[in-house]
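Structures follow.
Two complexes, one shared chain (subunit A), two partners (subunit B, subunit C).
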Partner chain A sequence: MVSEPSSRLLTVRGLSKQFRLPGNLFQRNARVVHAVDNVSLTLDRGETLGIVGESGCGKSTLSRALLRLIEPSAGSIRFRGRDIMDLSPAEMRHERRHMQIVFQDPFGSLNPRMTVRDLITEPLRAHSSDAAADWQDRIIEALEAVGMDRHVLDRYPHEFSGGQRQRIGIARAMVLNPELLIGDEPVSALDVSVRAQILNLLKRLQRETGTGYIIVSHDLGAIRYVCHRVAVMYLGRIVEEGPVDAVFRDPQHPYTRVLVAAVPVPRMHGRRLYLPLVGEMPSPLAPPPGCHFHTRCPVAIGRCKTESPQLVEIGGGRRAACHLLTPGADPVSLPSTLPSPLPTVPGSETASMRASLSPITSSNNNGVR
Partner chain B sequence: MTRAEDQSPLLEIDNLVVEFGRVGSVRRVVDGVSLQLAAGETLGIVGESGCGKSILSLSVLGLLPSGARVAGGQIRLAGESLTGLSERSLRQIRGNEISMVFQEPMTALNPVIAIGEQIAEVFRTHQNAPRKAARLLAVEALRAVGVGSPETRVRNYPAQLSGGMRQRVMIAMALACRPKVLIADEPTTALDVTIQAQILELFRELRQEFNTSVLFISHDLGVIAEVADRVAVLYCGVVVEEALTADLFDNPRHPYSRGLLAALPQPDAEEVPEQLFEITGTVPAPDALPDGCRFNPRCPLATDRCRSEAPPFLTVGPAHRVACWEAGHGQ
Partner chain C sequence: MTLSSGLVPDPGPKAKATLAGSGPLASLVRELLLSRSAVIGGTVLMLVILACFVAPHLWGLAPNDTDLMTRFLPPVWSEGGRWSHPLGTDNLGRDVLARILAGGQVSLLVAVCTVLVAVSVGMVLGTLAGYYGGRVDSLIMRVGDLFLAYPFMLLTISVIAILGPSLPILILVLALADWVTYARTVRGSVLSVKQREYVVAAHSIGTRDGDILRHHVLPNVLSPVLVLGTVRAANYIVWESGLSFLGMGVPPPTPTWGMMLSEGRDFILDAWWLATLPGIAIMLTILSLNLLGDGLRDALDPRLKGNRR
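Presenting the complex of A and B:
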């Protein structure tokens, strides 16, 4: 194995998670869902990696598998320089003090019978080696770091709004000074005005503590704002990965292009012209062979139907899994700049579908979009 | 785009007040809202949770939850008042004249009846269509909303369909009797973005084809920018700004509208700010509204007048109105 830079916090190789659904009266054979399929990624200290994708792409399973909250089926996870896949449950529990998670639902993830003090004490009780007498200061410090004051210590979660609850969830995760914080849709349940507060909070905490973040979200705007790099997932696989501004401003993989163009933006100018992608995401129970995206891909070629593309370097610190983007091997390359139309590719559906991938920016909203 | 200007409104909401609770503990969740919807127009209503947007839309159909009541104002459809109509007369209007699409199609559809049967029921109830004809109409209704092989789809049950497909079924049912007004309450919120894009496209097509007027309610400013001709921004039960869509997004005047837009990071923006704009604090509860302008405790521009006196709804441009004391003083 190549030696890792000292700044490396997490290295994941070939991580997979399969779920077996029991057979029933009508289906004798157990069915297998490949929720996470051969995912490799890295995270440096103080860095934020975003994981985006639509429902069913495996992003939440991945976030839990990284902490072994869901046991991965295969692959290796190196965290702080050691492989955590070999750790016993007791050792793993000990290791988790360095890796914390914040969930989406600030209503469901806080025990309603515990006060704020209890909630923030709980992780300390589980993990801290300090004397209980010293906890008080750490609790107040964590609470103040998320912008709340000590007067709320004896109140219960139901007394708080969604945004405040999410702050409590973050205080709970950060009180142990973890080196890795995973956020699973941490702002999705929040209103716009509150979402900005929480996003700013996450960014500020990272500046102050140097914690590495992995933020899982379907909200591309939030990802762009808090992340340094982003990985785009489709049906359990990473299809594109790279610096977040490059990936979102100049997406390369056909799915990323469609995904970015599909996000409605609150402005009238410079919007990407988008003709909707036909069809829906195939069932993860029966993913298509070859490239998982080929059934909906407007530029798919014959090879895409049989051969699964590898995630390879495409320059600029970016990786993509697309036969058309693989250097050297590609019969037709996708254009590197956005406004140019895609080349005619044998096997592509129709001209209009091709147009859906050429994100011509429209200067106004009049007329047909 | 400015169809609203030269036609008398099809749907008119005039100074509507909706209240919850009994005397002594009344909570006003909609407080004096006036809106007009012209034929063929899509009016976006945007606001955060608790702003009253769903209650407003339910009141148009007379479907308020128990405990809520219209305490003042008028709702008129083509000049005729809907407030005070009997349940029986309202039933004539629902489905035929005004219909609704909800956020969660799984709970709005009956899980044990095939979708074709559910759509056919609309034709039988509202148009007295015979059973067989209703079934054929159901197939056509599904075809109109872009459902592939509708002849076989009609036999599916809701659980066999994806979220996007279920929402198409809901829209097919809502449009079955070619209503004049369609109320869509967060119709794409439960969907993934690529599926959302398909449904938004469907809304645009249906509008062109049937000239349906749409009241489109959403918390998502991006979605509103995609579908609406005009937008009303709701805060704590009052309209704080109303403008043509282009004007609202290019030149928002109310500090709340401006704050919402500034607080929203855009994925493909050229640059992201070092710090996102925050609207401080939270939406006040309906029983603890501040005096004066309801936004004043969170407003960076608030003055003493804002804290004591509710601002009037002032016209600041063509079809552009703002309820703010400070909005008149430039940016």
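Presenting the complex of A and C:
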């Protein structure tokens, strides 16, 4: 086994999760949803990894599978130097003190019958060996760390706004000083004005505690703001991964390009290429063979339909899973910058798909102004 | 009933102020006192209980004394009524008031104990089935279906035929016949609560199963069960009368509300009070139980705290 750097917190290899849908009277063979398909990733201490993708790409399932809240079907998760897939339920319960999660919905993830004190006490009761009398200080400390004061201790969740509730959720997750914090769309349910506050809070807490974060989101702006690295998911697989600035500034994988291009920018005179992605994401019940993205990919070649591309190094600490990006591929086959016209791949069967992609450049975008 | 209303405790702001204690119980009582339905229900129930269990001892009522000279006396407010028998007499000249009070002892005991036993069994099995699912769930629910499919009367008759009629057996049999109702309700609530994000959150925090059940699942299951229990209590009073009628319940001279109801049915045209008055007693008890249950449910919900009518 390759030795890991000591700063390595989490190493995930080949993680998969399949959900079996029950068959019915006429359909004996249970159908299988491949929600997460052979995902490998790493996280260092004090680092933030973003996971982005469209709805239904498996990012939430991945975040829960990493914590074994959903039992993965295959793969290994090395956390703090040991494989947590081998842990018994009791050992796993103890290990959970080091791995916490903040949920998307601050309304649903806090029990409405518990006071703030009860909510933040819960992790302590589950794990702390200290006397209950010593909890008070830690609870107040955690509350103050998220910018709330001790007067709220005996209030109930419904008395707070969404942003305040999310702060309570973060206080609850951080009170045990976990080494890994997973945020499952932590700001998606919040008002835009509150998002930045929560993101700043997360950044500050990370500076103070050195906790490793994995932030799952479909909000590229939020990811770019808080993350060091980003992994782009499509239909259960990671298609591109690398330092967040590099990936967003110069996306390599065709899917990442479309995703980045689709971010709306509040600029009136922007020169932007609008690349509408045609069609829907294929059903994870019947993922297309080969590269999952080939059905919508503007530059797919014949090989994409039969052979799945591996996630390989493409330089600059980046990895991508695309046949056109693997070393030895025809360098002309992929445009190097986004606004340039999409190339014609000779002899490719994807001409119709390219046509339907219909890039609109700023020159014929005047009517929008 | 006929007791003076001077016994009604005044749950005004004064009571609220004197109950300034802390702790969950004191705060629950405070919340209950703020709820009009809980105060009315609790007061009426208290009166019924006092009347049934205390009044007979104070005045030495004789529910089984017959007097054939004064048969079918109407209540005192009707023509021909007498103060010696305020609620009239039955076909054997027995005092209806005395019988209602004495009958209430048995009926209340049966109703309350049956609810307690059936709810305990139903809660435990329903929670196990809902929370753990899989085989445990299948096993418990199939056994439950068996109980539902089996005719209630046949079940009780066979059990009582073997064990002999007595009050504890009667309560056990009634609970045995009805635990499934609670188990199914509890299971359904547990299944829905289990999907809530805060239960997943508790699991991710590493909370023990027991704590998850206690803090997150059971409080949510309690309110449907409270409501169901207060409603089902009426059924037990009636079921008990059915069993008594068949000689499977309480032996005949002892009055119960259900038995008085079924006996009085024969004379409904000539002596309306024989069936109506025990019926009112049942209704009053169930109504107060329901009101109290409603208030209790609201008092247990922090979202309604402080803005109760």
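The criterion applied here is as follows: the second predicted complex is superposed on the first by the 329 of 369 C-alpha atoms of A that agree within 3 Å, B and C clash if a C-alpha of one lies under 4 Å from a C-alpha of the other, contacts with A are read in each partner's own complex, and residues count from 1 in each chain.
Just so it is clear, a contact is a pair of C-beta atoms (placed from the backbone, for glycine too) under 8 Å apart; a residue touches a chain by one contact, two chains touch by 3 or more.
Please read these numbers as outputs of a predicted model, since none were measured by experiment.
In the superposed model, A:63 makes contact with neither subunit B nor subunit C.
When the two structures are aligned on the shared chain, A:163 is found in touch with subunit B, with no touch to subunit C.
With both structures placed on the common chain, the touch criterion links A:295 to neither subunit B nor subunit C. After overlaying the two complexes on the shared chain, residue contacts for A:103 are found with subunit C alone; subunit B is out of touch. Touched residues of subunit A, counted separately for subunit B and subunit C, are more numerous for B.
Residue contacts after overlaying the shared chain place A:93 against subunit C, while subunit B stays out of touching range.
In the superposed pair of complexes, A:122 makes contact with subunit C only, with no contact to subunit B.
Contacts of A:195 after superposition: subunit B is touched, whereas subunit C is not reached. When the two complexes are superposed on chain A, none of the residues of subunit A touches both subunit B and subunit C. Taken together, the subunit A residues at the contact with subunit C in this complex read 67, 69, 93-97, 100-101, 103, 105, 108-115, 118, 122-123, 125-127, 156, 158, 169, 172-173.
Residues 1, 48-49, 162, 164-165, 192-198, 200-201, 204, 219-226, 245-246, 249-250, 259-261, 263-270, 272, 275-280, 282-283, 298 of subunit B are the ones that touch subunit A when the two sit in their complex. By the touch rule above, subunit A contacts subunit B in their complex via residues 54-55, 161, 163-164, 191-197, 199-200, 203, 218, 220-225, 245, 248-249, 258-260, 262-269, 271-272, 274-277, 280-281, 364-366, 369. The touching residues of subunit C, when paired with subunit A in their complex, are 196-198, 200-208, 211, 215-216, 219-220, 300-303, 305.
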